[in-house]
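Sharing a structure here in structure tokens format.
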Amino acid sequence: MKYLELTVGAVLVYNFVLSRFLGICPFLGVSKRLGTAMGMSGAVIFVMTLASFITSLLYRHVLRFEYDGRTVDIGFLQVLLFILVIAGLVQLIEIMLQKLSPMLYQALGIYLPLITTNCAVLGAATINANNNYTVLEATVFGFFSGVGFALALLLFASLRERLDLAAVPAPFKGTAIALITAGILAMAFVGFSGLC
Amino acid sequence: MSDGEKTTEVMLPTGSDLVLSVSPHLSAADSVRRIMYKVLLALIPACVAGIWFFGWRALAVIVVTALFCIGAEALWCRIAGKPVLGTIADGSAALTGVLLALNLPPEIPFWICLVGAFLAIWLGKQVFGGLGNNPFNPALVARVGLLIALPAAMTTWTPPRGMGADSPAAAEFYSPSTLHKLQGKKVGLDSVTHATELDSVTCATPLGVVGTTPKILDKSFEAQQNFQAVDNNEMLWRYFLGIKGGCIGETSILALLIGGILLIAFKLINWRVPICYIGTVAVFTGLVNYFFPGVTPTPLFHILTGGLVLGAFFMATDMVTSPITPTGCIVFAIGCGIITSVIRIWGNYPEGVSFSILFMNALVPLIDRWCGQRPFGYTVKREVAK
Amino acid sequence: MNKNVKTFHGGIHPACDGKSLSNGVSVQRAPLLDKYRVVISENVGKPPKPVVEAGACVKKYQLIAAADGFVSANLHAPTSGRVTGIVEVPGAMGVPVQAIEIEADGADEAGELLPALDWRNCDVALLRKRVEEAGLVGMGGAAFPTHVKLSPPPEKKVDVLVLNGAECEPYLTADHRLMVEQPEAVLEGAAISARILGVTKIYIGVEINKADAIDALNAHAAEFGIEVVPLKVQYPQGSEKQLIFAITGRKVPAGGLPMDAGCVVQNVGTAAALADAVIRGIPLVERIVTVTGEVVAHPGNWLLKIGTPVIRVVEWAGGVTEEPGKLILGGPMMGFAQKSFDVTVTKNTSGILLLPRTVAVTYGSSPCIRCGRCVAGCPMNLVPCALGNAVEAERFDLAAQNHVMDCLECGSCAYVCPAHRPLVQHMRRAKAEIRKRKK
Amino acid sequence: MGTLTAAVMVMAGIGLALGVVIGFFAKLFQVKSDARVELVTELLPGANCGGCGKAGCSDFAKSVVSGENPPSKCPVSSKEQVTAIALALGIDAGESFAKKAVVCCGGDREQTLRLANYNGVLDCVSASLVAGGPKGCAYGCLGMGTCARKCPFGAIEIINGLAVIHKELCVGCGTCVAVCPRNVIKLVPAEAEVHVYCNSPAKGPAKKQVCRVPCLGCRKCVRAAEGKFTVNGFRAEVNYQAPELPTAEDVQKIGCPTGCLLTAEEHLRIEMNEPEWSAGKDE
């Protein structure tokens, strides 16, 4: 039951993009085409899961450990350490993508390195730490947060593809209408509040 | 005509007035404007029922909101340099206005109607390029926007005609103090002070009552009886007729059904959509009710209360914001049904129709993509080969 | 309604079919004119090469332009007279085309005819050659050379011949009158085509609003072993792919030809002309044309020589009651609007339609409201409104992805569109752009 | 162990570990890329007009680096820009012919007959698919502005139902030439001043029926200015390959009877100064 709550919470109720307003940069930047959005979603799910797993390991076993009978607490390093780890992970993915899927690499462009500083990934790691999730819980939470991000991104990308063909007035073309759409989408997600 | 010499002059065409256009050169008689007016016509029974149950105030809300919407549309067209009259004449702004009004409580202040009208027409429709381009149902954008921003005003319900203090289950719908006040009138207190006090009489909606009733998670007798007061045959009949608190348009299921049948008769909607939507809610809530009778009332209660019928017939079938293929429409309706049920049973909001349709609106492009139909002459294999 | 009536998926039911204007009027023979302009490039494929010089005297039925290559068709003189030269005339598609102008001598004197053939017993190659010599083309609309159609490549197994007597276009009654007045010619032509193709199964599909035609055909059909199939009144019942599906249940694969489904489809008019060519040795120089429309004084059906100017035909039909808003060659659903009355009758002109402005549709630019009627009406199961939107945004890649190339341009989508969007124009644009890009 | 030591050790340890892993992967998944392509792309104008025949500037840069195209193939780059690219790559710049587009038609709404009232999509390509468009002349400019909408440099204006090119904005990328369904736009040497504003190969009388400013093929220009004009069928053309191009004086001297032989400035001036067409005056 706990995991069901984690799942529903991460995907719908506290959706990273539409409820917590984290990860807006790739949400706006990589949502012009559905195909790219899918690739980005996959990358984010992967990074978030892995980052959640590793950072929760670090949080539980490195940031606070027993040494020589004393507890050493270096919790103040939390943010610093998390950023370092996430940056490293993204670097790895970028290197691998460039080789394995140059098309996706091209399409993601600048947004891939931007996951490095993506608040969503760091957010997931921090939320895990704040809620004191176990490593398994944190990994599940990270994965489904990624899925929630993917859901929002896919919905948004498909909407934007449709808006591409719409007669949007010139002043609202591009990011303006995208933000309005995102706002209405977020309104729709409010309906899920209270589910867990 | 006489045979022999034809003296009558034959009039030959000069070809000076020829129109050049692409085939086909004929068209069906229907137009966008006619469609909008037909939907408006189908909404009349619901409007009449709303006015009957909530009085002239409801009429005022409907008229004022429709006028505000038309005004908002005119203003936008004026600013954007679009033809004002032509855009208003298609009736879509008026339709949005009436739909929005039917989704508002009867005692709503008029300034909220104004805000709603601008939300619907400007934010819901015109920024996307006007009629046909909006991915979300404008009336629902406004309703959900208002519900989030002004929750108190949007959930203040007034009792309809025929729901006095002596009506069945009155204790469930009125707070004790309100009930007192209402009963006080029967005894005959000072009428002047009483009238002003009566203005602020509020009641709960059946779904609201259910939402505040503590859930019982077992199958005990208490669980079976948990919703007995609001979910029994007599009450269901009253809900069907429209004697329940709620938005102007969602009271009388009878009137909505008449409108729905009109829509189907005009061939404006696919009858499968409302059936699937309502059916999904019935099945979902039915299953939950069967296993956990203390968690949610019976399916019939869910169908007859709240905005389900209004939403199923008039909102989920909105052409612009629902999928284009028949299969897609069914998927859309089932999705709406599931989300509505989930929100009603477990969510913070007692009612989930608006949210569910708005959410499914966002899914429409994906549904369109995945529920497309296979063109004539294609087999699965060929498509892969292509 | 008859349960056995066959049909296809999708399509529309036009409210006003206009057939009653002319379906009871017998075919009339046109008077002789002093001048005919025979359009050279009227068939699909290569235009034939003129074989007569300016000033030459020709007899009726004499060859005036010879087929240039296999996919091309002979052209014969519609009357006797003197060739004045090659002139440019407005074509039915709007672009100027070359035509051979013949000044009639008034004698209408026939030249030497081809020998009559005993089609039941003579060599099939001889029959096929005759079809080629007589300059037969599909008279339903596309003007595809008939001999090409009757020579399917050996790897395609053709076992069914479908005769198209659906005439699903509103207003047109030429095929209807032909079937009523000359059922034997139609049936015999079908039987000859079947012999050329070597098939035994012959169907002739007729919409049930032409009960008299069905009766007339049924009176003789058994002699030729032909089955008359009544079809539901539904547009576009006469489209090849839809007709084959309705009658045989086979589906022509996308991008394929009827022969890919083992079928050959022939118009009833072509079949009758084919019978004439084989049995009497008469090449194709005249055809039945419906002259109709609300503004025509006396709508009717006329046997017209190829090369007759449209304005003369209108004159014979009693002129007009008011200035027409549209002149259409062909039917109202797929016919071509014309810019002037100087166009001439060609081998594939099935109708001359004059519509008042009030009846003809005016296309607007209002946006799609996604009502889905075009989706329900598309006989090819496409999503026309989405294609239209893609074209409006000039996203031809999207249009191609959504199978715009399979569009028939039947106009069902535009007919039902409540926003009156010029969808067929969008489809044509998309197809043109995609073809251009493929090059 | 003090907190400080622990912190330093943890950070250093994890940083080191990550560095090693990333270094290993970078070696494992190494991708070769050509820096020169990016360099050339930067030096190109970035208009992505496609005038070079490639899909955008970066595609063209690739072809320049691979030696498929000389840098001068880019019609938009100035001579200096082309030289810069050639210098950067150490290759030959290639010979450059600056070109400009010209709409070879003078048949605006006033001059050329419209045979029918067109009802449909206001786009030249779409209109040409409906019986060739409403214009009486089957070869002239339809004036619905497809080229103007497609021009990446905003050099085309529709005046009175006729596309007119503003020479100073045109870079000769050829986008308009590719989209025009009537093939009425031609790329000519940038220095050419005089053009024949008629595109119809039809016979003189036929043209005269539908247009007030057709080229009648009278050969007056051919006779008056030796070698500068040719007549092709029934239409005169400027011989753009000739060593000497016709000048404004030549136009004066010839005195074209219909006025379809004009300098570009004169043509633009006529079209700009004509009274705006109004609905009542048509036909």
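As written, the chains take the letters A, B, C and D, and residue 1 is the first residue of each chain.
Methods note: contacts are C-beta pairs under 8 Å (C-beta built on N, C-alpha and C of every residue); 3 or more make two chains touch, one makes a residue touch a chain.
Everything quoted here is computed from the prediction, not taken from an experiment.
Contact analysis places B-C first among chain pairs (by count of C-beta pairs in contact).
In this assembly, C is the chain whose CA centroid lies farthest from the centroid of chain A.
Chain A and chain D have CA centres that are 45 Å apart. With each centre defined as the average position of its C-alpha atoms, the distance from chain A to chain C rounds to 61 Å. With centres defined as mean CA coordinates, chain C is found 49 Å away from chain B. Separation between the centroids of chain A and chain B, computed from CA atoms only, is 35 Å.
Across the assembly, chain B contributes 16-22, 129-130, 133 as residues in contact with two or more other chains. In chain D, the residues that reach two or more other chains under the touch definition are 115-116, 119-120, 129-131, 133-134. Multi-chain contact residues of chain A (touching two or more other chains): 167.
Contact topology of the protein chains: fully connected, every pair of chains touching. Residues of chain B touching chain A in their complex: 80, 123-124, 126-130, 133, 135-136, 141, 144-145, 148, 339, 342-343, 346-349, 352, 354-356, 358-359, 361-366, 369. For chain A in complex with chain C, the touching residues are 164-165, 167. Across the complex, chain B is touched by residues 115-120, 129-131, 133-134, 283 of chain D.
Those residues of chain A that touch chain D in the complex are listed here as 58, 62-63, 67-68, 72-74, 76-77, 80-81, 84-85, 88, 91-92, 95-96, 98-100, 102.
Put simply, chain B touches chain C in their complex at residues 10-32, 34-35, 90, 129-133, 319-322, 324-326, 329, 368, 372-379, 382.
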